[in-house]
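Below are structures written as structure tokens.
One chain, chain A, appears in both complexes that follow, with chain B as partner in the first and chain C in the second.
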Partner chain A sequence: MLKLISKSPLNGMKPIKVGSLVLSEITSVNMFTIQPFKNKTKTVSKELKKLFHLELPGDGKSLVAKDNTIMWIGMGQYLFLGNKVESISAAITDQSDAWTVVELAGIDSSDVMDRLCPVDVRSMEVGDVIRSLLGHMATIVRKTDLGYELMVFRSFSKTLVHEVVGCMKSIAAQNKLRGL
Partner chain B sequence: MRVKEGRLINSSAPLKFTFDDKEFSGYEGDTLASALIANDVKVIGRSFKYHRPRGLMTDGSQEPNGLVEIRDGNQTTPNVRLTTQELVSDLKVYSQNYWGTLKWDFLELNDLISPFLSAGFYYKTFMWPKKFWEGLYEPSIRRAAGLGRLSMANNSDYYEKAYAFCDVLVIGSGPAGIMAALTAANAGVQVIFCEEDSIFGGRLNSENYDVDGKPGHIWAKEKIDQLSQMENVRCMSRTTVTGAYDGGTYGAVERISHHVKVKDDALPVEIFWRIVAKGAVYAAGSMERSIAFQNNDRPGVFTASAMRGYLNRYGVSLGEKAVIFGNNNDAFRTAKDLHSSGIEIAAYVDSRSDTTIQGDFPIFKGAMVTNVRGRMGVKEVEVTEANGSIVKVETGMLGVSGGWNPTVHLTCHMNGKPEWNDQLAAFIPVPGMIPGLEVAGAATGVFSTKGCMKSGVFRAKEILKNLGVSYKTTSVPEAESDPTVIVPLWSVPCKGRSWIDFQNDVTVKDIKQSAEENFKSVEHMKRYTTQGMAPDQGKNSNVVALAVLADVTGRAIPETGTTTFRPPYTPVSIAAMGAFAQGAGFAPQRFTTSHQLSVDLEAPMIEAGLWYRPSYFPKKEESSWRESCDREVGYVRDSVGIVDVSTLGKIDIQGQDASAFLDFVYINNFSKLAPGKVRYGLMLREDGHVMDDGTAACIKENHYVITTTTASAGEVMTHLEFVQQCLVPHFDVTLMSVTEQWAQFAVAGPKSRELINQIIDEEINSDNFTYMAYKEVSIGEVKARLFRISFSGEHAYEIAVPSRFGESMFKHLKSSAENLGGGLYGMEALNVLRIEKGFITHAEIDGRITAFDLGMQKMMSSKKDFIGKTAALRPGLIDQDRDQLVGLIPVTAEDKLFAGSYFFDIDASAVRVAQQGYSTSVAYSPELNTMIALGFLRNGKTRMGEKIKVVDHLRNTETICKVCDPVFLDKEGVRARA
Partner chain C sequence: MRIKCPLCGERDRREFYYLGAKDYLTRPEESNLDAMHKYLHIRENPCGLTEDLWQHEAGCRAWLLIERNTATHEIFKVELVNNKKDSK
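Right after this comes the complex of A and B.
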């Protein structure tokens, strides 16, 4: 029997540290999109509550309960990370391999985001989600305790790292220049 | 010379630099301008048209003359303003715009023939003989024109773009800006405070006023220190706000490392900011204007405020003796400051006869400067007294003040026009020119220090009020509050030339000539004379020019109006605006899971949208791509070939109305597609033309996955979302892109089933998995999707695995295929295979093609409605005379064919009006041993067997071809169904 080898989008990239900033790949997560069928939004919320103690979050928000996270990612679209989801009143699509997920952490992470994302990320509260651009790439941004979780399509992995790390280096160099 | 220790100079940090290869020195805190003045350099460049020697005129970013090149290794930055470039040790500075040397400029001949080079001479002079334009005139003008040169080396510097957001943006940090920033900051809102200079404080750094009982610049520093400590304030020095745009958006350039000697590679040179502000206070101050008089452009003629600015801030002066000429009380401040620093005031010339000023130096009231002598620097100034007598005064420099122009530029960026104020003799902004922007201080015509501070507080409060934010009362400190006393004086009558636009060499005479030739509108005058264009952008010349125009046309200034100030306020380097777009930064790159293996196999990668796909996989013994391509085609036709097709769009469609939705977006029927089956489909736009093609597989009831072409994946997704949200919002259907979830590979060729059976756990055969079937299969613990579809015409499959297994899958498929005598194939072979079968890509469906043109009109279901149906059936889109898809084979097998060639009747001449269609795709068919083509031929379906002429006008080829069916091989499709 053929044994296929699994490889994460960034191939287990070790965290990249530049100055106070760290960029790390987040892997090993089941990821499903949940799109409630017509007039089933409340039902899906109830079903999720029963199954995972989570409900559908409001627009631009995410919720966490135990190992599961659910985030709004667009009109009638939610992304569920954690356990496997099935048999609820929604279209469920496996996206576990579709996205590259990284966390950009550090006190200067907003400075990096200023350079890549055209949205006022500094006004985001922890758990807030936006869909925007990262450079020219469509992205999902979620505010975390330490910085930002960034998601782009898997095929963009190399550009994602290149662009984010480029800005991390620039911020470190600018901080050095300012004696910070 | 350095007269005294400048208040903002670090005299313990001397710095060396070169100007035109000659070594000079200055101090930390100097600008290049102040350092050159300290070294008594008078001539720093040449003017644009007449190549007159030019010296510095101002001490700010409005400087018209002080433009230089800075060279660093193989990089040259042209048009750097001496007045804004901070001194850095070992800076290599070069003057520009001459032919010869700065001292001996061959093009200064232009000055001698200036009577022939007046306004409009281009339009009159280079009209004949006509053929001289390209051969002589244009090259000569190009050689003479332009300021500064580029090195032509690739720009290796790093630039950035960034976004910022705030409640209140404060632009300018003079007394008005500081008070506005303090008021806003104390209210607790998010403040961005921008200052163009390297230090905050605006004119306070250049003046001798006291504020709150201490020197103005000390007060400013204290307040800035206070603001920088506040968490809600971002102080950005070296940042010029260059434009005001819709929605409270402002463009700004931050100079990061122009002042840094040893640069980290990661350090940007500049950052182009887009700042979005809920409100803004514009406190950009004002700019002193000159007066037009004979030879007022001589090196050593400054604006009066610049002269005292250089003295107070940097401690430098271009001589020990000065003449000051003005029409207002502010000019007298220069005389006082210079005099108290030991500079001799050889004459103070005031055009007002009734002025009450007094000083310990010669004062000429009601007098005017009527000429300046000294080609390479002022030597003597001619003063004409009120009684007409002429006094000649020896001096090395002349300070001129014609009054102050509020810096209205940014307020005009959304097409607003400022209003003329007679009392101030200046244009001032009117409220509401930029929504959400309040103008404070000198920029709105309030010229006293105290007045500016009050204005700053008031305007910030207005913004806070609009934002609904409560604020505390901010007390305004004691400061100078002299009234503005001015009697307008624009130009001094003279026989010679008196300059208005110093950079573009526009004189009073040019303005008069423009009016005489009926270019009387201010906008016409500007374009006819080039006044206010290029580096000046109206900063120094606008008001004087239009005042002169008003005078010669007998109109008032308000009636004459101003030209339009447009962004950017100061030049923005293209590198900053295009930051992140150098090299590969131009566009993001999308890589498949097999990318690295393909690169390791030395496959040349070609771009397909943002994706990279292998062109072919070369073998050592092969000498051309064609050999590789032919071999790879052979794999598919004879054994088995593997290609990564993950780049095709994949969209998951679910819901009770999913099949109805597919029926609505495809021209053919899908509602009867059974689970486990796949169907080819064609999608039209509303206008009846083909949008895309692909397959739809029914995974299970109410659940489909459709494919799109690589090129149109995004477009189709957008289209489907539009249809779902706007056209059929009542449908219960969901859409989700799964392009990236699955790594998908085509396994094509007679041995494809054999290979698939080596990979998957269960066995497939001709009975349990027929042509156009779909099923989920297992590869160990991995669930994969298997489709029996073909884009090569051969017995073929596509197998999709979750992307994490993509690379591993590709390796297995490669080695299994090689064991069966096959191997990998790339885009070239894929293209040959599909052309041989007459399968279309976006080379054919380019947006102008209908289903009818493709011969697919029978696929259009008559039993249902679908997008584009009505339009597709319009007579014009099903006209027999339309260009229709055909195949072409050269009559002589060795002849070449090129895509994009045009078709002509055999006897017709190959001209536009005779064209009968065009070729879209060509390939060399190893199977047929000749080149073949697909193309669209007028009324093509009825012309099978006919010979036509295929002409490529670019490559100069002409090939006689026979028209044939677009399917060259296996017309019945036997192989695919095997």
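Right after this comes the complex of A and C.
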């Protein structure tokens, strides 16, 4: 049978390095949205605990256990990354190919975010999640150890790279002028 | 203008979508034409205190009921529409 080659949203883009900043694509994980049925939030938490040693995180939070990550992405909605999720008391939608995920890493990553996102990302702690805007795109932002993980709809992948790399270049150039 | 979303915290106005007066929460019987006409088309245009519906469109996507002053842009109260049991 014909075997099709899968393409990541940024088609295997190599990490882009500008000054101390690095933008890299994060690929190949299963992704599911979990929306607990009415009054089933606690049940879903218990089911996830049993299956993956995870529970539903609080508003604006994410949790990691082994290879699985779960994050809050809106009212009554969670995103699960890692193993396949099925048979829990929630509506589950496979989102595996639907999102572009990149990590913006480096000591100046907050400076880049300051220009693109209307939220004060500096007040975020590692694991915190917000939904906001990046330029004009709806984005999920998660604080990581090295910087920020950014998620946009797959069709916005080129715009995402264009916006972020533009800011990375500008920040790096200004730092150079200042002799930093 | 900044709005304090009960789920996300204080956010910039550009993350929100404005729908209109809170009248949209109480839909009349469709057979009552006068009430339906009023529901769809007749609105107060207050200078001062008003309650209207907004959606945190670029954020958590929750619908919000916001009490604010149109003259001074003060915001007094932000509630989740989901928490209002009598809404339809």
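By our rule, the second predicted complex is superposed on the first by the 180 of 180 C-alpha atoms of A that agree within 3 Å, B and C clash if a C-alpha of one lies under 4 Å from a C-alpha of the other, contacts with A are read in each partner's own complex, and residues count from 1 in each chain.
What we mean here is this: contacts are C-beta pairs under 8 Å (C-beta built on N, C-alpha and C of every residue); 3 or more make two chains touch, one makes a residue touch a chain.
Since the model is a prediction, treat every value here as computed from it, not as a measurement.
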item: First, second, both or neither for A:Leu4, with chain B first and chain C second; value: first
item: First (chain B), second (chain C), both or neither touched by A:Leu51; value: neither
item: Which superposed partner A:Pro118 touches (first chain B, second chain C, both, neither); value: both
item: Contacts of A:Gly60 with chain B and chain C, given as first, second, both or neither; value: second
item: Which of chain B and chain C A:Ser96 touches, first, second, both or neither; value: first
item: Touched chain A residues, chain B compared with chain C; value: B
item: Shared chain A surface residues [contacts with chain B and with chain C]; value: 75, 77, 118-119
item: Of chain A, residues touching chain C in the complex; value: 59-60, 74-75, 77, 118-119, 130-133, 138
item: Contact footprint of chain A on chain C as seen in their complex; value: 7-9, 11-12, 14-15, 57-62, 80, 82
item: Contact set on chain B toward chain A in their complex; value: 158, 160-165, 256-257, 260, 264, 266-268, 274, 276, 580, 584-585, 587-593, 611, 652, 654-656, 703, 725, 731-732, 734, 736-742, 759, 761, 779-780, 782, 801-809, 812
item: Residue ranges of chain A in contact with chain B within the complex; value: 1-9, 33, 35, 37-38, 75-77, 90-91, 93-99, 114-115, 117-120, 122-123, 135-137, 153-159, 162-163, 166-167, 169-170, 172-174, 176-177
